[in-house]
Amino acid sequence: MDNNSSHKNWKNQLHDIIYEADTPIGKLFDVTLLILIVLSIIFVMLESVKGLSAETYTFLYYAEWIITIFFTFEYVARIISIKKPASYIFSFYGIIDFLSTIPLYLSFFITGTSALLAVRALRLLRVFRILKISRYIGESNRLAKAIKDSRAKILVFLFAVLVLCIIMGTVMYIIEGEESGFKSIPISVYWCIVTLTTVGYGDIAPVTPLGQFLAAIIMIMGYGIIAVPTGIVSAEYTHHQARKVHLNTQSCSHCSENEHNDNAKFCHKCGKDLHHDHE
Amino acid sequence: MDNNSSHKNWKNQLHDIIYEADTPIGKLFDVTLLILIVLSIIFVMLESVKGLSAETYTFLYYAEWIITIFFTFEYVARIISIKKPASYIFSFYGIIDFLSTIPLYLSFFITGTSALLAVRALRLLRVFRILKISRYIGESNRLAKAIKDSRAKILVFLFAVLVLCIIMGTVMYIIEGEESGFKSIPISVYWCIVTLTTVGYGDIAPVTPLGQFLAAIIMIMGYGIIAVPTGIVSAEYTHHQARKVHLNTQSCSHCSENEHNDNAKFCHKCGKDLHHDHE
Amino acid sequence: MDNNSSHKNWKNQLHDIIYEADTPIGKLFDVTLLILIVLSIIFVMLESVKGLSAETYTFLYYAEWIITIFFTFEYVARIISIKKPASYIFSFYGIIDFLSTIPLYLSFFITGTSALLAVRALRLLRVFRILKISRYIGESNRLAKAIKDSRAKILVFLFAVLVLCIIMGTVMYIIEGEESGFKSIPISVYWCIVTLTTVGYGDIAPVTPLGQFLAAIIMIMGYGIIAVPTGIVSAEYTHHQARKVHLNTQSCSHCSENEHNDNAKFCHKCGKDLHHDHE
Amino acid sequence: MDNNSSHKNWKNQLHDIIYEADTPIGKLFDVTLLILIVLSIIFVMLESVKGLSAETYTFLYYAEWIITIFFTFEYVARIISIKKPASYIFSFYGIIDFLSTIPLYLSFFITGTSALLAVRALRLLRVFRILKISRYIGESNRLAKAIKDSRAKILVFLFAVLVLCIIMGTVMYIIEGEESGFKSIPISVYWCIVTLTTVGYGDIAPVTPLGQFLAAIIMIMGYGIIAVPTGIVSAEYTHHQARKVHLNTQSCSHCSENEHNDNAKFCHKCGKDLHHDHE
């Protein structure tokens, strides 16, 4: 199948359409896929809504079939056009592509209400397909890197918050007791997280004066420590930008190194004078 | 109509009063308009309140008429005094001015309860008129520019948050089910946005242990990632200010070094006097 | 009364005790006053609590009398010991001191339940007395200055948020209607402020799909724009600290000016060479 | 007991296992302990949950005994292997270790339902044991130091917030009254803290128009001042990082200039080679 060059050329073109976004047809393919992914998510969401008309459900059923067929063709085309199919099939996006396509086909083999519910649950994994969109936006990578840089510090901080929540949740369980909604320590810890993160549902709320006093302290504390992760990320960002700004001023006329300190007189790379041109 | 200079002068004066805020009468006009806009918004808000006395409704009715007449005169004056009326009429503020004035007149032609309700809805568009106030405050432009600079990054971030909410909302729908208030996937996504943004109404709240555990993780995550947009804007602001500080107004007349302290009298590079020109 | 120096000396000593905190007795007076202010606030708060024992109310009654008598003596002493009593009496703290002392005396002249309630309301003004504590903490002034510096920008920002809330509140009133709790436009604007500031009581919450969709957009927006005031204050703070750090490095050996740029070679105040000592 | 060196050696080895984490067996001990602490916390939390099967309670009972016995051996081993046992026993972690071990033993001596409840309360102190984990993570110290640096400013700020809450809570008590849930001034202050920190339970919410108006102002204020602690920590962090960047490791051997870029090969001040010593 791979012995003539015209066939190879056809496979290369398919590869360009599916994997590259440089050619007009490749761009069109990507945009079509993006719209179909977004539509399929909206349809999955709509399907779970009760009280829609029978026509809507019929429409959703056919729309589901059209999208599934397109996804099937796309999945097959991806396998055919790539040189090492195995590397795609078992990659993260390969598995997600497979799981996005399979649910409707499975509904033929697995019958019964409870089984169909599980299939519907499987079908919901298709929403992960939207993650592909991150490929289309360049800036998201830079943002992801910035979060990654301050990830370690934020994780340590969040762990400290969790320890605080377990301790405070336990104390609140003793103070408030079960009649206030603090039924068990896990529930109390859950309440403490809800409070410290300033979400505050109000499904569980302290009713005793001592409990309300402690809750007020937890809130004031949460108000104070919310500053810490923000401060970390801000500093990380400012730091990155500061480095960019401070170093991109002058360029050495000898070795064209262009990252120097503001007060540098000699190039730190080749040792030549920066300010006076070499005659 | 434009053939004598006295008439032209009269139109120019009207233009100065309405469009400029330099002359005392122009300033008076702007302040009067500002007060009337604020009053009209308060009256629109009051009108929707139930249980007021008949006298209040009568007062609101007449106040509405007085403001509408003033707005009508202002709208006509704006069209007359400007050289190219079309450019005003179809501008953003032109359309808002028109929509602010029209509802009361429309109430004569459209009768019936449901139609009047639609008119009342149209009338509410008048609140957009308050956007004009942004003209009066200079600093808002600088603030708007700062938000604009970091807009792209914040949008990418908010999109990532939305993807997270769709995935988490779907998972919560499967875990919690319909009896906990998670009636459909859109409702679950709505709940997830309410939780992640730390709003936390409490109209929908997880009741199963697994749901509460996942909700706690979502909250802790929300607590951690709320830092990201703040960090972006902080860095952007710090960056701008740092540049402003480093680029000072005075420049040395001898060596043209232009980065000096605010209280500098002599150039720190060549030692020459900064304030007095060298004869 | 002012003719002998020993008397004047006694008044000066009283002035030192009350107005200064340098001497041990002056410090003791300030600490005693601080404790009494805090106690009086706690007592006022306790008095409003229902269901306490008769003994507690009796204790609070006598404690109230003791504190009032101390405040009376303090108020009289402040008037006697100062040179210009009028400047104290009509100052901000003078009026607060007077209002803190008067309620209990007024309760003799004004009788009846509704009148006594008004007196109790007056008595609550005593909590303003705690503002005096700000005198005792030095660092609060620095903090207050930092907030003052970015006040203008934050006010412009908060005004923009208010405009957004009025527009969004009106739109939500039309969408949700009165049966969802959005009874009038002011209530809807109140709901919008509750949502945008991420407080989220849940007493009013959207129930229609369109309302929930719009509410989700408002929350995501609130999540994004919460970054702006934080960014402003962060930048302001960083800016202050950066200036402090960047300028306090070298000191001129000639005029001892010690605020120079990092790369300064000549003093910007006297024009002398910074690096080489003058022989 | 301390007279032969082999015995001493055995005690030293025990000390190394328990107190050091360098050797493989010491690392194994630490990880085992960490897992047991986490398990014991999970078991304490589970024990408070109602409606578990009898088997689970039996399992928790035996798991409790195994962990208590391990903790007992660990506690005894810590006392034996250390040179000055008293310094350990009365240290912070020594007391926590003792309190983590004792509850189950106490349950033999103290009987009756109310007494056992107190024992259960004591047992909950074991969660404090998780604080030990902070020893294992190095970065937490750096984070703790950063919080410590800006602690004074944040405390002053939080105190100002508290004063604001007391004043606003009192005003809301007068406006809203007891039928709206603002039963007493402490409850009103609690509500004000819940609102200003943007937690917003909704168990108490203003119902009168004036109360809602004031609540909206409090929220807008809270939205504005949440920026202050964040700004402080951000500035502190940025400040620290800026210093770290500016103070680099390498120093010029010729002119002792010590602020170089990370990739600098030549001194930017005198142009000499940075890496090779000058013969």
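We call the chains A, B, C and D, going by the order they appear; numbering starts again at 1 in every chain.
To be clear about the criterion, a residue touches a chain if its C-beta (ideal position, glycine included) is under 8 Å from a C-beta of that chain, and two chains touch if they have at least 3 such contacts.
Chains and their UniProt names: A, B, C, D = Ion transporter.
Just so it is clear, the structure is predicted and the values come from calculations on it, not from any experiment.
Enquirer: If you list every residue number at the subunit A and subunit B contact, are more than half found on both copies (same) or fewer than half (different)?
Expert: Mostly different residues form this interface, as fewer than half of the numbers used are common to both chains.
Enquirer: Scan C-D, B-D or A-C for the interface that duplicates A-D, counting it as a duplicate when over half of the contact pairs agree by residue number.
Expert: Duplicate interface of A-D: C-D.
Enquirer: Where the CA atoms of subunit C average out and where those of subunit D average out, how many Å apart are those spots?
Expert: From the centre of subunit C to the centre of subunit D is 30 Å.
Enquirer: Averaged over CA atoms, how far is the centre of subunit B from the centre of subunit C? Could you give it in whole Å?
Expert: Once rounded, the distance between the two centres reads 29 Å.
Enquirer: Nearest whole angstrom, what separates the Cα centre of subunit A from the Cα centre of subunit C?
Expert: 42
Enquirer: Taking each residue of subunit D in turn, which ones touch at least two of the other chains?
Expert: Residues 157, 186, 189, 198-202, 226, 230-232, 234, 238, 242 of subunit D each touch two or more of the other chains.
Enquirer: Can you name the residues of subunit B that touch subunit D in the complex?
Expert: These residues of subunit B touch subunit D: 198-202, 230-231, 234, 238.
Enquirer: Going by the contact rule at the top, pick out the subunit C residues touching subunit D in the complex.
Expert: Contact set of subunit C toward subunit D: 41, 44-46, 48-50, 121, 124, 127-128, 130-131, 133-134, 137, 139-140, 143, 146-147, 154, 157-158, 161-162, 186-187, 189-190, 193-194, 196-203, 226, 229-234, 236-238, 240-242, 245.
Enquirer: In their shared complex, at which residues does subunit A touch subunit D?
Expert: 152-153, 156-157, 159-160, 163, 166-167, 170-171, 173-174, 178, 183-186, 189, 195, 198-202, 205, 209, 212-213, 215-216, 219-220, 222-228, 230-232, 234-236, 238-239, 242-243, 247, 259-261, 263-274
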